[in-house]
Amino acid sequence: MSIFIDCDTRLLVQGITGRDGSFHARQMIEYGTQVVGGVTPGKGGQKFDGKVPIFNTVEQAVRETGVNSTVIYVPPMFAADAMMEAADAGIPFIVCITEGVPVLDMTKVYPFVREKGARLLGPNCPGLISPGMSKVGIIPGGICKPGPIGLVSRSGTLTYEVVFQMTRADMGQTTCVGIGGDPINGTNFIDCLAAFEADPQTKAVVMIGEIGGTDEQEAAVFVKKNMTKPVVGFIAGQTAPPGRRMGHAGAIISGSAGTAAEKMEAFEANGIGVAKRPIDVVELLRNR
Amino acid sequence: MNIHEYQAKEIFRAAGIPIPPGDVATTPAEAESIARKFGGTVVVKAQVHAGGRGKAGGVKLAKTPDEAREVAERILALTIKGLPVKKVLVTPAADIATEAYTGVIVDRASKRAVFMVSPAGGIDIEEVAAKTPEKILRHSVDPRYGLQTYEAMQLGFFLYSDVKQARAAAKIMQQLYSAFISSGGSLAEINPLVTTPAGVVVALDAKMVIDDNELDRRPEIAALRDESSEDPSEVDARNANLTFIKLDGNVGCVVNGAGLAMATMDLVKYYGGDPANFLDIGGSSNPEKVVAALRIITSDPSVKAILFNIFGGITRTDDVANGIVTATKLNPLKVPIVIRLTGTNEETALKILQENSFSAMTDMDEAVKKAVALATGGKAA
Amino acid sequence: MSIFIDCDTRLLVQGITGRDGSFHARQMIEYGTQVVGGVTPGKGGQKFDGKVPIFNTVEQAVRETGVNSTVIYVPPMFAADAMMEAADAGIPFIVCITEGVPVLDMTKVYPFVREKGARLLGPNCPGLISPGMSKVGIIPGGICKPGPIGLVSRSGTLTYEVVFQMTRADMGQTTCVGIGGDPINGTNFIDCLAAFEADPQTKAVVMIGEIGGTDEQEAAVFVKKNMTKPVVGFIAGQTAPPGRRMGHAGAIISGSAGTAAEKMEAFEANGIGVAKRPIDVVELLRNR
Amino acid sequence: MNIHEYQAKEIFRAAGIPIPPGDVATTPAEAESIARKFGGTVVVKAQVHAGGRGKAGGVKLAKTPDEAREVAERILALTIKGLPVKKVLVTPAADIATEAYTGVIVDRASKRAVFMVSPAGGIDIEEVAAKTPEKILRHSVDPRYGLQTYEAMQLGFFLYSDVKQARAAAKIMQQLYSAFISSGGSLAEINPLVTTPAGVVVALDAKMVIDDNELDRRPEIAALRDESSEDPSEVDARNANLTFIKLDGNVGCVVNGAGLAMATMDLVKYYGGDPANFLDIGGSSNPEKVVAALRIITSDPSVKAILFNIFGGITRTDDVANGIVTATKLNPLKVPIVIRLTGTNEETALKILQENSFSAMTDMDEAVKKAVALATGGKAA
C-alpha cells in the first residue's frame, strides 16, 4: 500500500504541452503512472505524444476522462488559477509543482481548495512517488524502490539524497512525499504522518524538515501523541543565518523562531530520532 | 524585496494614508535645500535596507538648513550593517503626543494576512511581544472578505479610546491592507503611528517588504528595486537567476536545491569547516548559471576551496560539468575544487570532467570532508 | 411557543442612539423585550436611558452581556458591516431593519453569515413579534395578540393590515415574521414555514407574498411536501406592470417571471388557500 | 438607475474593455461634424432609457456626414416608449464577423452575480433563453473570490473555439465584472460582443443599470443620472423621496409601504376601478412628503379621485393628516379625496382632518370601494 497515490491513480497534467509539463508527463508515463489527460487552453482536441487527450479546460477533462488526481506545471502567475480550477472541477487530489507562486495568492487558494473538499500538495514541491505503483511530480523514479518506509519532506533534492541513501541501504519506500518549501502549502507534515500511520504497509517514517515556521515542532507533538510507528528526522539549515530567506520562501528564521536547533530539540523531546547528517537517517532507521 | 522608507511612504500616501511631506537627498547640499524649503526643524533619515538605523546614527534632527547639511553629510558617510547609505529622507519634525505600532504580515500559521497593533509604538515590536504581550492585538484577515470596517474599528479602539482617533486609525488600517495587497507585500508597517498634540493620527515611518514572487506581475513595484543599496555579489547572483547569500566561511558551496544547499552547509560545519555562502543554482540548470556561480564565489577572497554538490533530477549533471569546464577556462581557478555529482546524465558528466582533468565523486559526505580538508589545509577533522 | 424569539430573547440594539434605533429600542423595552445592550461606537461606557449599557463594538457587548439576538438600525451604507460584525461576534440571530442596503453588499453578507452559523432576518424588514413575549423590530405591538396563527410576510404595513384584521377577528398569533422586500435576504419563506411546522403552538400559517422572484412558488411546493398545518396566502401586486420596481428592491416582474398570477396559481396547485383581498385571509383561516 | 449607452461605454472603456470610439450629439449639426471627424459610414444611435430602440427607428446607418445630420434629425425627433430622445451617439460602423451576447446581473436565486453568455448575440437574450436554452451558459460568481481566470476562460470558450478570441473574451468578462462591482451595478451587458473580420473581439454596445442603493456612496456614478430622459413626475417624486410609478388609471393612490401600496392598487382593481399610480410615501413620514405626493398625483389629468391608505406604524398618521391639510390649502383639490387612516396617533389625525372638513375612515375595503365609486361616477361595483 501507499498514501495519496497508487495503481488506481488516474492523472491529469495541467500544462502538459509546456517545457516542464511535457518532459515530466513523459517521465511519469514511462514510470507507469496512468496519465489519462492533459490541459492546455487552445490545444483541446489534440493528443499529447499521439496518445494522451488534451483539453481546453479542466472541467472538460474531468467530464470526459474521470481523472482522480492532477499535477500542475504552469508558470507561477497562473498556478493559483490552475489549482482553483482543479478544485472547482471536483478533482480530489491536486499536486502543484510550480515554484514561485505569490504567497498572497496562496492565502486565497488555501480556503478555496478546502471549501471544495480537495487535498492540495504543494506548491513548490517535487510531488510524490509510491515506488512501483505511480509517480506524480518530478521525483526521479530510479532512486526509489518499494519497501516499508514512508518519507515526508519540505525539500526536493535533499529528499532525493536521503531516498538514494535509503535505497542503497536496501530500505525501500511505501511513498515519498515532498510537501514543498513555501510558507503556505496545502498539505503539511501532520497530514502525511497521519496517512502513514494509517497505512498498514508503512512500518517507519522519515521526516525531513528545514528552518522556518513551526510545522516540524507541531508534527513532533503529533508524533508523540498519535503515532505508534517509529519516526526519524533530519532538519536542514543548522548553519543558516537569521532573517535571510534560504532559497525556499518558507526557509527563513524570524527573530529567534524557526531555528534548526529548536526543531531538533522538539524532535528529541517527542521521541523522534534525530539525524545529524542525511546519511544518519539510514542508521537510525536500522536501530528502530 | 526590501524597499526604502521613502518608497513605502509613496505607496502608503497613494492609498490615502496621512503622511507628512518629505523629499529624498543624495547629497548634503540637496538635504540643505530641502530643509530650507520645509523651514523649521527637520529629521534626516538614512535610507538603507537595515534595521536599527537610529542606534547606528542614521536618524538625526536638524534645527537649521545648515545643520541639515552637516547631519546629511555624516549620515551619507555611514555604512550600516555592511550597507552604505546612499540616500537620506528629509522631512519636517513632527510634534508627537502618542506613538503606536501597526503592521501587517503574511502569517504562515493562520495562512492569512495578520495585523499586529500596539499602543506601545516607536520601539521594536518583538520586544513588546516578548515583554508585554497584552499590549499587542493580533487579528487575522479573512482573504475572501478583506479587512471589514468593524474589524478595523476593533483594532482602532485598541489603540485609541477617542472615537475620532479610532476611526482615523481604522481607516488607515484599511488603506494599509489595500496597499499591502495591491503591492504584493509580505510585510507593511507603520512605526510609529503617532497622534499630534492636536489629536490628528499620522504615519511617521513606513516599511514594506515585497514578496519577490509578485514582481513579475507588478513591474511598477519591481522598478523600486535599488541595487546600489544591496550587496553587489547578491545583485550579481539574482541577475543570473541564482539564490545566493554571503556568509563568513571559507568553503564556497554550489548546490542545486535549497534544502540540499542548507544540508551541505551544515555538513561543512559538521566536518569542521565554515560555509562561505548559500548558493542554489535552482532546478533547471544551464551552463551559464554555473559560470555565474563560479564567478561570484571566486570573487570572495576568503574562499579557500570550492564544493559542488549536485543531485541531478531536473538538473542535468552534464550541464553542470560543462559549466565548470567553461568557467574555469575563462578564469582559471586559484583555489581547489571538489565536485560531487550524481543523478541525471551522471555518466556523461563524469566523462566531461575527466576529459578536462577534473576528478569527481558521487558520495556527499566524502566530498564535503575533502573540501573542508582543502580549505583548512587539513587542520579540520 | 413561538419561532425565533421568545421570553428568553436577550437583545442587542446596534445603532441604539440613532433616531430610529432609540425610538424603537424604547418601544421594544416597553413591549417587554429584554434589551440587554446597545452599540454605538464612541459611546461605549454610557447608558441608554440610564439603563441599557452601550458598547463601542458588538464583540464587547457579547463578551459582557451574553446577548443571543441583535437588531440593526444603522444607515444603509453601514448595515452590511453591522451584520457581519454581529455574525463574527457569534450572535446566532440577527435582524436587520435597515432599508436600502446595496444588493452587492448582500451577496457578501449572505455567505459570511452562513459560514458563521447565524440566522439573519432581513434586511429591509419590519422584524418579528411573538405577541406577549418579545418583539424585535418595528411591528406595532398593539395590533397583535397571542394565539395559534403563524404569519410570514415580505411586506411591512401590509403585514400590519392583515395582522390587524386577524386580531379584530380574534385570531391571535404565535409569531409574525417580516422577511423583508429585498432580492437577497437572510431568511426566506421556507425557513419560516419549517419553523412554524415544528412549533407545536402554531395551528395554521398565513403567508403574504408579492411580485418578483420565485420564493413563493418554491415555498408552495415546500408546503405541499412538508407541511401538515393549513396555510393560506395573499400576493400583492396583481396590477403591477412588468419591469418596474414597485418600491421594494425585490418587487419587480422580470420578463414574464414573478407575476402575482403565477404565484397565486402555485398556491392553488399546492393546496394553499388564496386570499383575493387582505381581509379574505380571515375567512380562509376560519374555514381551515 | 438607468444610464445611457455612451455612459456605460465610458465605464467599460475605463475598465479596459475594447470599445470603438464614439461621441454624443444633441443636435443634427453636431452629429454631422462627429461623422465628418470619423469619416466613412457611421451609426447614429438614440440615447434613451428604453429597450427596442432599433425597432422604434432609433438606430440608423449614415454613409456621409450629410446623411448623419439627416438621420440624427429624425432620431432626435422621436419619442420611444413615452421618452423623448435628447441625445444620439455617433460611432463608426464596424465590420462584423460574429455577434455574441455577454451580461452579468445580480441573481436572487443564487444570491450572486451571474454571468450569462451566448454565441447567439445581437438579439433579445430572453428570446434565446426561451427558444434555444442550450445556446446560453450561465455562471454564478462566488463573491468572496470574484471571477477567476479559469471561469472566464470557460465562458470565453463557450463563445469562441479560437483560443485567442476565448482569451480576449475572458479578459473582457473579468473587466466587465470589475466594472459591474465597482460601479454598484445590478446589470451590465454587452450585446453584441462582436468579432471583426480580422478576428478581433470588440464590444459594440453597452448597457448598465445601477442599484439605486449604491448611489449614496458613488457620487461619480450618481452624477450620470440624466433627468431630462426620465418621466418628469417620477423625477419630482424621487426628489421628494417618494417612490412613484405612473400608470393609466383614474384612482390616484397614496399609501405607506410598498406591499400595502400594491395591495391597495389590487383592491382598486378588484372593486372595478383602475389605479392611476403606485406611490409609497415610505416609512418615516413628514407633512412635506404628503404635500409633494398630492402635487404629483393631481398633476395627472386622468385622476378622478384620490385615495389615501395609511397604516401607521413608524409613519405617524397625524403627519399625514397635517400634510393633507397643508397641501389642499396651497392647491385646493379639484377631485374628491377618500382618506383611510389607522394606527399611530390615529385619534389626533382624525381630529385634525375633521377640524378641516375632511372625513376619514379606518377600514381599507370601505375606503377603496368609495374611491372607486367616486372615480367612476358610481359605474363600477
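A, B, C and D are the chain letters, set down in written order, and residue numbers restart from 1 in every chain.
Just so we're on the same page, a contact is a pair of C-beta atoms (placed from the backbone, for glycine too) under 8 Å apart; a residue touches a chain by one contact, two chains touch by 3 or more.
A quick note: this is a predicted structure, and the numbers were derived from the prediction, not measured.
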Taking each chain's centre as the mean of its C-alpha atoms, give the chain farthest from chain C.
-> B
Contact tally winner between A-D and B-D is A-D
Chain centre separation in whole Å, for chain C relative to chain A (CA means) = 51
Gap in Å, rounded to a whole number, between the CA centres of chain D and chain B = 55
Using mean CA coordinates as chain centres, what's the chain A-chain B distance in Å?
-> 28
Where does chain B touch two or more other chains at once, residue-wise?
-> 144-145
Residues of chain A touching at least two other chains | 108
Sort out for me which residues of chain A touch chain B in the complex.
-> 20, 76-77, 99-104, 106-108, 110-111, 126, 138-140, 143, 153-161, 164, 181, 183-184, 208, 210-214, 234, 236-241, 244, 246-251, 255, 260, 276-279
Chain A partner, complex, touching residues on chain D are 145, 148-151, 153-154, 157, 162-164, 166-167
For the complex, which residues does chain C have touching chain B?
-> 41-42, 44, 56-59, 78, 81-82, 84-85, 88, 108, 112
Using the touch definition up top, name the residues of chain D that touch chain C in the complex.
-> 106, 108-109, 111-113, 126, 142-144, 181, 184-186, 211, 213-214, 216-217, 243, 245, 247, 255-263, 265-270, 275, 278, 280, 283-284, 311-315, 342-344, 364-365
In the complex of these two chains, what residues of chain D are touching chain B?
-> 144-145
